[in-house]
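Given below, in the form of structure tokens, are the structures.
Heads up, the next two complexes both have subunit A, just with different partners, subunit B and then subunit C.
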Partner chain A sequence: MLKLLATIASKPSGALGLGLTLFHLALAVLAPWIAPFDPTAQNADAILLAPNATHLMGTDTLGRDVFSRVVHGGRLAIAVTFTAAVIATLWGGFAGIFFGTVGGRVDEYSMRIVDAFLSMPWLLFLLLIISIGGAGPLTIIPNLGFFYGVAVLRVVRGAAMQVSARDFVTAAKARGEALWPILTREMFPNLSDILLVEGAMRWSWMLLAFSSLSFLGFGATPPTPDWGLMVAQERGLLSTAPWGVFWPCVALSSLIIGINLLADAVGKALGLDRATAVAV
Partner chain B sequence: MPSLILRRFGFAAFTIGFVSIVMFAAVEALPGNVCTSFLQRFAQGPRLERCIEQQGLDRSALARYGDWVAGAAQGDFGYSLKKRKPINELIWERFRNTALLGGLAALLAIPFAIFLGIAAGVRRDRPLDLSLSGAAMLAMTVPEFVTATALIYVFAISLQWFPAVTIVSPGAGFLQMLPNIVLPVIVLSAVLIAHIMRMMRASVIDVMASDYVQMARLKGVPERQIIWKHVVPNAMIPALNVIALTIAWLLAGVVVVEKVFNYPGLGTLMIQAIYDRDLPMVQAIALIFSVIYVGVNLLADLTALALDPRLRRKGH
Partner chain C sequence: MTEPLIKIEDLSLGFTAKDGRQAPILRGLSLELAPGETLGIVGESGSGKSTVALAMMGYLKPGLSVFRGRAVFDGNDMFALPEKERTSLRGSSIALIPQNAGQALTPTLKIGQQIDEALRLHTALNADERKIKVLELLNRVRLPSPEDIAERYPHELSGGQQQRAAVAMALAGNAKALLLDEPTTGLDVTTQAHILEFLRSLAKELGVAMIYVSHDLGVIARVADRVAVMYAGMLVEEGPTRDVLRAPNHPYTRGLLASIPRLGEPGIPASMPGVPPAVGSELTACAFADRCPQVRPHCKDGVPVLEPRGECQVRCPFAGEPAPDHLSTLREPQVREARALELQDVAISYHKPGFMNRWLKKPEPAPTVDRAGFVLKKGETLGLVGESGSGKSTILRAIAGLAGTRKGSVTLGDGESLNAPVAGRNRETLRRVQMIFQNADASLNPRQSIGEILMAPLKLYFGLKGAEAQARAEALLEAVRLPARYMSHFPGQLSGGEKQRVGVARAFAANPEVTLCDEVTSALDVSVQAAALALLTRLQRENGSSYIFVSHDLAVVRAVSDRVAVLYQGRICESGPAEQVYAPPYHPYTQTLMGAVLEPDPDTAPTLLANDMSEKAPPATGCPFQRRCAKRIGSICDTMVPPAQELADGHVIHCHIRMSAAGCQEAAAVPELMPAE
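And now, the complex of A and B:
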């Protein structure tokens, strides 16, 4: 683990990714101690103040301290997307290993359904579900987890097919080992690298998706401090008070870029080339 | 060969059928129904009865699904609850506007991205490649609404070259729409270019390492000819798949970008319909987007089939 981190940090892009990700995670955890103001406290006497010594990033339309809101703004997004990324990696990874190992008819027919799922624009489907089940994290987590899991499944299944053709798996099958031990003891250890990189990459795309949903008004609910929502709320005053939009944009983009760079660096350090992978 | 083409069509039809069932079932699974969800606390008495009659909710789910699909196939998507009009009357102009936006973005982005991908792949790890790849990473990871907001700040507010939001009516002509479309097209193309360029670059690098390119080099074929005759055509095939996938992104990204610029397309209509809890409208637009998406994938599959003789052999 330490060796892996050292390899990642040895390249500038990897070091930047690791740094940005750790910085944001620390910020999210320590937010209540860092923020000088309550992120939801409104102050009618301090509306739309430009950045100054008390309000480092100014205040918004309701007189809330932008710095305190930016510091808190990643907590919900990180919690939601990290949970969803774990769900996606677990179920997509397990199903991918399973189908890649058993092969045959079961695999063939299941992949037809997987392909059908991959060929629907999932964001639109998610919007349909939101219009039925209402917005908010409880609708979004299982859906992000499911749809990104389908993409993970596809990638992991491809890798699992290659692993299952190797001699030690054939040997295990010949020994008469049951399916479960083959999946967990022969297949999984050889695919955990891919799962890790896939999970990290999907996490960064999920952050992008969640913040877009927040921006559209279907993610975080006011008055929760959330970067996407903050941009949506303060956007109308872009010409007179750009600080309310600028800082959430910087925070959000730097986190997504950080995780993305980190995932790329982890992949390279583990010897997996992700240059050809696509965001789906 | 004809059977292969038929199979591709068959899969497209299967996917559209599957998607329509999932979409219909998702709405069926909701507690209550389309009418109670729309009317909320007013869902009682004559209002509810009128709504149920208008939406035909007194019939079985199977009959309604059949009607929905058969109607949609003929361009009849039912009745909008909020606007109280047939949906097909409301979506036509919006569809045209979205097609204009997405079409222009794809038309600009695809050739440009392919060219940049070749340039980056040929000069692997040199300054041009590194800066292009870095820019692509930025364009892929920065959310569209952030890029759009930055562009609005620079080009609409500071320089005042283009309008920040669209204020023309959905039915406006092409020339009236043009100034409004520039910034959204730039935002959409940036992401498209990034994805396609990355794939094209990887694909070019892959082909450059192949035996037949080595062979051509050994024979003394000029580098320019190697690139355009041997590398580019072979690198195009895997890139096609990615082009189709990025179109999928384009359909979702269009929703966000339209909302940022208040562009009168299907995306803004869909978002508004979700705010209004107008489920028949949401279903209709989601179905239209899915059909376009499946159609684009089919087109990419067929083009790959035409370009790559290996795919036409048995076993594929």
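And now, the complex of A and C:
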């Protein structure tokens, strides 16, 4: 593990990715101690102040400190999407390995169902579910996990098909091993790298998706500090007070870029090519 | 003496290791090639033979750099030339014909267009002249009906035809030298023999120089005027082919020659112990000292120099001394009367009719394997020989339960049926039949330690766990002569030969009655192959297991088999005791195969019977060999399944030509054999 991190950090892009990701994680954890103001505290005397010595990133329409809100703004998004990414990777990964190993009719029919899900405009679908089930994390996490898991499934199944065609799997089948040991002992160790990279990639995409939901008013609920929500609230003042939109955007994109670079570097360090790892 | 066309002077090249050390792949290599001469470069994997060939073109694989020395081609110092001039020399004056011509040709362009493109690049001809030239080139490489071939895409040609098309392209630029990197390694023996004869005559006809890189001394013996034997990035011996192969001076060359199984000599060839030094390692002594049967204390003092010896050069100060004989060991067959396995009239088909075909009741194509029947006795080795597509691996897969049989029965010695696939067999039945795979690289899980790999069957079949399984796995490693510390190693840390030993150990973990060996040595170097064959023979003697040994290499099969069956298009042509199958009378196909075998001896020429056409599917009726047979007698061959003629105890030939112990009865009616050009 340490060796893997060292390999990742040995290239500038890997070091940047690792640095950005760790920076954001640290920021999220330490937010209450870093933020100078309460992120939800309104101040009628300090509305729409430009960045200055007290308010490093200025204030928003309700006089809240943008810096404090940006520092806190990743907490919910990271927690929700990370949990959802773990769920997506686990179920999508397991199902992908299963279908890729079993093959035949079972695989063929299941993949048509997967195709159906992949062809759905899932953002709209998610909006529908949330408007029925409510906007809490308990609705969003399983749904993000499910929808992104379908894509993980598709990618991992493709990779699993290649592994299951190799002689050592044939040898295990010829030996008469049951399905479970073949899945866990022969297949999984050869796919864990792809799962790791795939999980990281899906995580970064989910962050964008969660922020989009917040922007549309279906993710975080006011007055929670959240990057997507902040952009939505301040977007009308983009020409006069751009700082309220600019800084949350910087935070969100730097985290997504960081995770992407990290996933790339992990893939390269493990000898995978992103082009083959992420096909969908 | 004429000015050499290619001159390599003291060339050292390699990569820079992580610690900044220069890790050489070639170590101070010097070579000369006269115009019109054919040089064979021979060596095992990792010896640097391909690197030398590419260096002659001034090409280095990415990551490599020249440490010292020069490569001069036709007066140009290739590594000093600007990239642009070097590129224009390649393809015009010196051309490469790669191992896999099928992949080297662009799949979306017709053959004619590809050659036309090469002509446009390297000549000043106009479109009409080029059109004529394309046909002329295709004609020159002896492709039938050039007009037709020019309009075809690469995948519409057979492997041998693709190789010829690649040669035609290489000739487009009036090359002075052709570089051939293992150009026949992926081809069937009969096709290989045809291509080699063609290249030989082409070299004579055009006077081009050829550099022929191969691991196969038989191939080199057939085409090369001079041979350079490489070991650990150095020349160990160089000289005229006949001198080097007939009277080798260096102990490595001697060992290499001795480790090749020969058609005429049954028995396991002598093997060389040890492994060559790792690529890029530092040398302070003779690179071969650790494996040399004649090693002296003096050998470890420094790297010996290349010394002239007659017309040869040898890198061994003791070359003149009498060498110990490398003797092949005869197998002592311990065949018992009891049966281990029996196949009766088995048919196997991969054909799955689609919905429309089922509905329209389309007739099924002829099955991949048909009328397969043989008996395997306890302690016996049955060799299955045939070219690619002959169905030999399919038969193994059916016995192992990986492919379903359509017809017939497969039974173990005690009557236990093996007709069911793996899922329908119980664990004890599964244990009794084990398979060893062709490619140890692919058959060992790279993420499992050797210990885990060996303990899986122990747990599955015997329920062994913990220390007990550990001890048994260590005993298995010892049985295949690997140290117990390998238990914690991963396959990636082992050499090719060692990996195959682990594959053998895993099969024997089940203590099987029948072991299926699928081309188990074809991915190994010859010196390692001999050791693997010796290992299999020893394990058979100790365990009394029966083998089915599948190979395309007739000499290897001869070395290990008691009985042999020759397959063509999934049908057995001839079967019987090895010494009888390998002696006349032959089935016409057996004769074709035997004729195409190349011996590492410049004075034996292959006999080319039949054409090198490759067939994709077996004919629906009649004899499987009908379309290529040189001794075809008439329409009876197309319509009637040839009768099984039993000659002597168990020697059966399936042919319409009447055979007797003396030979073919109707030899007079048979067209004359085509002698090799």
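Just so it is clear, the second predicted complex is superposed on the first by the 274 of 280 C-alpha atoms of A that agree within 3 Å, B and C clash if a C-alpha of one lies under 4 Å from a C-alpha of the other, contacts with A are read in each partner's own complex, and residues count from 1 in each chain.
Operating definition for what follows: a contact is a pair of C-beta atoms (placed from the backbone, for glycine too) under 8 Å apart; a residue touches a chain by one contact, two chains touch by 3 or more.
Since the model is a prediction, treat every value here as computed from it, not as a measurement.
Taking the superposition on A as described, I'd like to know which of subunit B and subunit C A:S119 touches: first, second, both or neither.
A:S119 contacts subunit B only, not subunit C.
Of the two partner chains, subunit B (first) and subunit C (second), which one does A:M111 touch, if any: first, second, both, or neither?
After superposing on A, A:M111 lies clear of both subunit B and subunit C.
Just to be sure I read the superposition right, which of the two partners does A:R235 touch: subunit B = first, subunit C = second, or both, or neither?
First partner only, subunit B.
With both complexes superposed on chain A, which partner does A:I257 reach: first (subunit B), second (subunit C), both or neither?
Only subunit B is touched by A:I257; subunit C is not.
Check the residue A:R185 against both partner chains and state whether it touches subunit B (first), subunit C (second), both, or neither.
second
Is subunit A touched at more residues by subunit B or by subunit C?
Subunit A has more residues touched by B than by the other partner.
In the overlaid three-chain picture, which partner chain does A:L16 touch, first (subunit B) or second (subunit C), both, or neither?
Once the two structures are laid over each other on A, A:L16 reaches no partner at all.
Report the residues of subunit B in contact with subunit A in the complex, numbered from low to high.
Touch list, subunit B to subunit A: 11, 14-15, 18-19, 22-23, 26-27, 29-30, 37, 137-138, 140-146, 149-150, 152-153, 157, 164, 195, 198-199, 201-203, 205, 238, 242, 245-246, 248-249, 251-252, 255-256, 259, 270-271, 273-275, 277, 279, 282-283, 285-286, 289-290, 293-294, 297.
Would you mind writing out the residues of subunit A in touch with subunit C in their complex?
Residues 166-168, 170-177, 181, 185-186, 189-190.
If you look only at subunit A, which of its residues touch subunit B in the complex?
These residues of subunit A touch subunit B: 112-113, 115-116, 119-125, 127-133, 204, 208, 211-212, 215-218, 228, 231-232, 235, 238-239, 242, 245, 249, 252-253, 256-257, 260-261, 275-276, 278-280.
Spell out the residues on subunit C that touch subunit A in their complex, using ranges where they run on.
Touching subunit A: residues 400-402, 422, 425, 427, 430, 434-435, 437-439, 442-448, 452, 456-457, 460, 506, 510 of subunit C.
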